[in-house]
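Order of writing sets the labels: A, B, C, D and E. Residues in every chain begin at 1.
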Amino acid sequence: MSTASSVARRVEDVPFLEREDASLLLVLPGLFVFSAFMLFPILYLLGISFTNAEPSNLFAGDGALSVLTFGEAAFVGVRNYVTVLTDPNFWNSFGVTWLFVATSVTLKITLSIGVALIVTGDRVRGKRLMRSLIIIPMGLPAIFTITVWRGIFSSAEFGLANQVLRAVGLSSVSWLSDRWMAFLAYNVTEAWLAYPFMVIITVSALQDVSEELHEAAKVDGAGYLARFLHVTLPSIKRPVLFASILTAAASFQQFLIPYVFNQGGPARANELMVVYGYREAFTYFQYGQGAAISLIAVAFIGVFMWLNVKRGKLADGVNDA
Amino acid sequence: MATVTLDDLRKEYTNGQIVAVEDIDLDVDDGEFVTVVGPSGCGKSTTLRMIAGLERPTSGRISIGGEDVTDVHARKRDVAMVFQNYALYPHKTVEQNMAFGLRMSTDLSKDERRETVRETAEMMGIEDLLDQKPDELSGGQKQRVALGRAIVRDPDVFLFDEPLSNLDAKLRTTMRTEIQRLQNELGTTSVYVTHDQEEAMTMGDRIVILNDGELQQTGVPKEVYDDPANEFVGGFIGSPSMNFLTVSVEDDGATTRLLGEDGFDYELTDERLRDAVRGHDRVRIGIRPEDVSVSGPGRNAVETTVEVIEPVGSDNYLHLGVGEDFIARVASDVEPEQGEQIHVAFDASNLHFFDADDGESLLYETEQSAAPTV
Amino acid sequence: MATVTLDDLRKEYTNGQIVAVEDIDLDVDDGEFVTVVGPSGCGKSTTLRMIAGLERPTSGRISIGGEDVTDVHARKRDVAMVFQNYALYPHKTVEQNMAFGLRMSTDLSKDERRETVRETAEMMGIEDLLDQKPDELSGGQKQRVALGRAIVRDPDVFLFDEPLSNLDAKLRTTMRTEIQRLQNELGTTSVYVTHDQEEAMTMGDRIVILNDGELQQTGVPKEVYDDPANEFVGGFIGSPSMNFLTVSVEDDGATTRLLGEDGFDYELTDERLRDAVRGHDRVRIGIRPEDVSVSGPGRNAVETTVEVIEPVGSDNYLHLGVGEDFIARVASDVEPEQGEQIHVAFDASNLHFFDADDGESLLYETEQSAAPTV
Amino acid sequence: MSLLRSVVRNVKDDAVGLATTPVDTYREARYTAEGVLAGDISPVRPLKSLGLTVGALVVVLALLFPIYWILISALSGSGGSIHSVDGLRLFPEQPSIQPFVWVLGDLIVPSYRIGLAIPFTESALVFDTPQITFLDASAHGVDNPSDFKKFFWNSLTVAVPTVILSMCLVVPGAYALSRRKFVGRRKILFGYVLLTQVGGGLGIALLIGLYTVFVQVGLNDSKLALSVYYAATAVPFNTWLLKTYMDGIPVSYEEAAVVDGAPAWRVVVEVILPLSKAGLATVFIFTFLTGWTEFVVAQTLLGTENYTLPVGLFSLVSEYSVPWARFSAFALTFASPIMLVYLFAQRYIEGGLSFSGMEG
Amino acid sequence: ASVQQQNETTTSGDDGADDTTAADDSETTTASGPAGTAKAWYRLQDTELQARKAALKQFNENSKHTIEGSDVSDLKKKTTSAIPAGQGPHLFDWAHDWVGDYYQRGFVTDRSDQLNVDLGTYTDAAAEAVQFEGNVVGLPYAAETVSLVYNEEMVDEAPETVADMKSVMDEHHDPKNNTYGLAYPFDPYFVSAWAQSFGGYYFDPEKDPMLGLSKSETVKGIQFALDNFKPYMPKDPSYEAQAAPFSEGNAAFAINGPWYLATLKEKGVDFGVAKLPSPKGGEARPLTGIQMWYFAKAMGEDDADTAAAQSFAEWYTTNEDLLEKAAKNQGSIPVLESLAGSDALPSDVRAFSETVQQGAPMPTHPKMGKVWQPLTDALTKVFNGDAGVEAAMKQAEKTVRENWE
């Protein structure tokens, strides 16, 4: 349908709001506010990534205009990007970040589906109450929870994790001083932080799984596992996939866990990308370089999301044939 | 292939507050095609699902092929079920859908499965669809695939839960014949649930009528049609429905007259019928629409008004002013005017009598089959 | 109350790739009840939705009450529509559901609305349900409420889109009568879409048959039944379907013989029929099942095998070995054995002839109504 | 309004449902027991149910153990710490609710004087409302209670405008994206999905830019500006979420309303919105949570007077020491309203997140 | 000069009078200007916070000026973003290690010419600490450093030498039963006492090379700390994990600062504070911090608000009564010459005070800012056993140099 002619045809006496293209006006306020607060800062960040911005020069100058000139910061071209991209620490953080995304997402999905299956089980009583309890972590501020987990994973013999290990007869572990143990600790904490959201989505998805399909599979002779693989899993695939994509992005941008735990340590070994950026930018207040790192991170996560959204067809609606 | 026996089967829901199925006894012979029919909520699906093992009976036993399977899990029973909404696995191709049961319940190799599926698909005429997903199929094709999926497993028993109710009228008749043809060919014991009495009548070797969780009557379709055990069965089987009239019985020893509203006056002469109504003050008469004929005035002819004429092409339905909703099915060339006064007559042999209180047939020979429990 | 006129109405989807409705012309008289019937996907709903204003025609005009409403928004047209799945607002009570249209399209005060709703509810026998939510209603009750919601607005035109297809067989017949009664009472122009030919036949003052987006035939139900414009209409209307046979025409000037497979041999004597088939090598004969009678051997009697007997209670359907699927509807006391050889006969006046190539009727009087476009 | 009423009713139903759960459970148990005794029900089944329930409970408790552990330290008086040297403890050694009292401070409704002038007379009725004391902190030995109430108020005044504002932005957008076709629709939708997470997680990186902008415009330390910011960040995800939900509402309801003569805006108000209840509730909770729990931006932008709860919570932590008991008590008090709200909104949220429309 | 006098009068005068006199005094010093309002930021623990609030109240009640105090979390981030944006406070309270950096960045302002107090009022170290290249950017009020804390129930007498200390630790260290010899957060600040014991240093702008991380003396000191203390500590070097065992009475020793005492008192641990023990062949020389009120950029202009801020800073840092109370209640180590080392101070504070004497103030040079992080990383590595001390320090030094560029 050619848009131009259909618009022309409808102009006549049709009430304004009923014109389809006028509906754009309904989306615009949200789009505008969002752009003002998110896109503008991104552009601003882009701007300062080409300067040697520091607090002292960036905030100099008066009036709103100085926002646009980045205070008195000087243009340095792509120097910041070169610095970042030639820094071995950056590439380490790059690798660790993707590894973290892969492992933590796997863990999160497994945990959430497991928990969701448990709290929707046919034979389980008090499911609703359990489901309400299970989301408590969502209501606590992440920074608090992470501080607590930091305590749990204390390398000290009396850290909770070590106490549990000792209670079952294992020896204690130097959680945060060992690279992979620290990495494991990040994963566990991340999974714990993210599971409520994932569980809610999975539970909702599970409730929509057709009972009839399960019955068909039962009659076909499928056991619990086969039914899970052939009926449940395919049916919840899309919502779970969606949740996974979101949560993958969250993992990619995880900052607080590594930072609070051991500042991406031990000795920068587990610096996730955002932590790397933060340390580079804020320890020495190199805003320009920090901006460059952020934008590189944004670019990666952007491409990642873009691929997922495309492949997962998340932007398709019901009325897009 | 096997027999199916239900023994005092009972199912309660919500801690006994809802009795979905009440003490049903039923024997299905090997290779028999039994249709179960009844109004919505009468417990048809519940019964079927208990046979499949999807619901556990509250009490009573189920045997398949002589073996008590009451405590056997659904997946261990060798039954196949066709669901109302087809329940095809949406993410699997037709072939995978059909092969799934084989994969789960047999040890066949991949190639053997493939072979079996292909054979069945050819039999069902869906060999071209094997690579498609259920979404891409029309209703009739889906239905065929669902049947194919059941058939390919070559089970002891087929269970059908209103498999045709999502299809349109034309397709329904086509599929109906198809299912019958298949069952004839395969000879597999089948239990077929439907709420459509015509489907039940035409398809079943034997028909089982349920109401309110209770068994009303079982029998060969024609017998049930001709000799309903109670008013419910009489009214439920046959379309348009049997007409009912409440009449008072006036028996002076010599003659028995049935008197009703709207000038209904009928004299019984047949001794068997007189015996049946004797001793009752009031009885319910049932007359099937096709047994009502337009006649001239005469003895036992009732004069009445034609309220509506419904032409259905092959016949005309006359809605008459007798009783509540009295329909006569007449040939399509009998076309009285709306509002015309006509006389209608019916043969005494076509009358059915029911107890005015409990609806039990006064003619039904109880020895015919197991006594219903009402 | 008003007339509805469709003028060369056409609807294309996906940039003209799908033609859902192709140049339909139709006049619905004031107060007439027109049923639109056709197989799934033939464009019934699309047509109805264009009348309602929910779809914009690609070309052509729509008038209601003589006024061109093609460019008038749905909410400004004074029509009421009953949807297949009722579309009752689940969050509103029955009363609010019914009052909604009044609130939107009239200036009635709250009390007046209440009054009007109450009256209509009484007329529909749902006055006790007014405070309930749609969830709490049974299928039939929902259907009544949906009707009530349409009626209460007292619109120019009622539009029904398969309003009964979600109900079970029994309820469907009840509601069918109810809708007819209401329409008789109110006299509102109505367009009723269904895929069930029986519904279309019994309910419509006039019946419109669509196929593939094209109008096949319009006419009084009986006329359409007796004189289908083409093979499609013949086969679509009537249940069981009309039987079709392809025969070759042997005309030696004196006699005209129709020869088919399976020993089919029929001699035409009627001049009108002979005229009709003359000039064709091959024609398609259509015979309705009820016009086939079991006879003794004789001229024009065809000998055949009984393949299946389907008892439906009132009648028996005999599936015969003539042609592809040949059915005879016989009285329920005619009970040949399966596999038995019988002779069947049919009256020449009951034969229909169609062009073997394009399916057009060779007998249909074209002056009867607007010529179909096929 | 009717929306509100129905929400209230549902909450009431839920409360009743919750209250009657034990009764139902008892009834079921009795029925099962009778069945078992009568031999109708094999005893294995209820045992299996029991076993599975216990198993589920164990999993739930394991997941929640960290919370419980926090609770223990919150109940351990000032001595509580999560770095306790003594072995695993399942109960606080010297239980004390003092930390909670410290968090809440005095809960005293002071006495008010209400004067009601009686019309047409010179006289007036004067009431003194009694002083109502729910909690008197000093009675528990807490002299300097936390600023929880102040923070709470601040959080509320941030979260509520956030919710209102984001609703205003999200609902029309979601409706248009779900039901209308217009230029750029797919692109916008795509952008939104893309940005759901990119936007949210950028918080820290964007802080510099954001802060500069806020300062230059003179909007830092404004709770309202913060709300606007939160609302802005909430737009993409929630719009998309609500849109997906609305996709699942059958078009025929809308068509029925149009045929009934309703103009577009009434269709939305009378039909679409009430039917989107679950989606709206989900968006409501999510946006509320944004305003309620966000820490980093709030800390950067707000001055001490305007600290919200998370910032207030974190201001308890000083460079070297964490007062664990108070910290935990504060955090748990902070989280409790959300838990409560969730308990009642659960079925909506689960419905609102089911992506029924996604199975396109 | 008048302040000096006032101090004498207050020390000799009785309690009742000093509040008013002090207030009168501040009135007189700024008598010429109008009343001003100034913002002061700080980041304090609960007990200190109460005292701070009381002090503010006292000042505001007795002065025409008003100081609005705020407890600001993450003071560093907050000041670096707010001050350049013109949103910052007049005064903020922090240790002196930001002096050089902030001065260079223009976050703080030199008020040496406008001061009404003589820097001689404070200890030399403190007076030194508040200056950068001759600019006075704030006034000091307390010192802090780490010292030895011991559990009096386990340890009879504070050890003089590390060797003595080791034998006591040996006796008590038993992680299986949840007791430890020592609780000691292992980070550059805490470890500095040993790193500098044998002549090593982290960074000293006066020395050559300025960066002493990989000097053999420094390496030796760190190795010493590692060898002698690590075996007796819980395995988690972080502050919190180290603070807990001692405060619960499960460790014989702790090495920690005065801020730790409040916790210990709260938990009822019977503790004593002593000078750090000496290593063989050296002397413990911890880095010390000076708590000070910084003159923020907002004080660059000579207006009433600046006057208010300055008068508060002067009043606060010279008010003996206030500082003495702080010493008593919060273990704060006064740097007012007249109080430092005074017998009136509680014994723990005196012990800390002695350690401060042994120690060296943290460098104020801006380059120091870039030393901490790499050094922390290096210490973590060596504590975890991931690298030898020398290698780790070399690596850290390299990183620092790179960052300096």
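Everything below uses one rule, namely that a contact is a pair of C-beta atoms (placed from the backbone, for glycine too) under 8 Å apart; a residue touches a chain by one contact, two chains touch by 3 or more.
Keep in mind it's a predicted model, so treat the numbers as computed, not measured.
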**OP:** Show which chains lie in contact with chain B and also with chain E.
**Re:** A, D
Original post:
Greatest Cα-centroid separation from chain B: which chain?
Top reply: E
**OP:** Could you pull out the chain whose C-alpha mean position is farthest off from that of chain C?
**Re:** E
Subject >> Pair of chains whose C-beta contact count is the highest in the structure >> reply: A-D
Original post:
Using CA atom averages as chain centres, what separation in Å is found between chain A and chain C?
Top reply: 57
Original post:
From the C-alpha centre of chain A to that of chain E, how far is it in Å?
Top reply: 40
Subject >> Centre-to-centre distance between chain D and chain A (centres being mean Cα positions), rounded to whole Å >> reply: 20
Original post:
Got the chain B residues that touch at least 2 other chains?
Top reply: none
Original post:
Which residues does chain A have that touch at least 2 chains other than itself?
Top reply: 15, 18, 58-59, 151, 154, 156, 158-159
Subject >> chain D residues counted as touching two or more neighbouring chains >> reply: 83-87, 212, 215-216, 263, 314, 317, 322
Original post:
Where on chain E is chain A touching in the complex?
Top reply: 77, 80-81, 84-86, 105-107, 175, 178, 234-238, 240-241, 244-245, 369-370, 373, 377-378, 380-381, 383-384, 386, 403
Subject >> Complex interface listing, chain E residues touching chain D >> reply: 43-46, 50, 70-74, 77-78, 81, 85-87, 178, 180, 239-241, 243-245, 247-248, 250, 257, 259-260, 263, 266-267
Original post:
Can you list the chain B residues touching chain A in their complex?
Top reply: 49, 52-54, 73-77, 79-81, 83, 85, 87-92, 100-101, 104-105, 149, 153, 159
Original post:
In the complex formed with chain E, which residues of chain A make contact?
Top reply: 54-56, 58-60, 151, 154-159, 172, 174, 176-178, 262, 265-268, 279, 282-285
Original post:
Which of the residues in chain C come into contact with chain B in the complex?
Top reply: 39-40, 139, 168-170, 173, 177, 180, 195-198, 201-202, 221-222, 225, 236-241, 288-290, 308, 310-315, 317, 319, 325, 329, 332
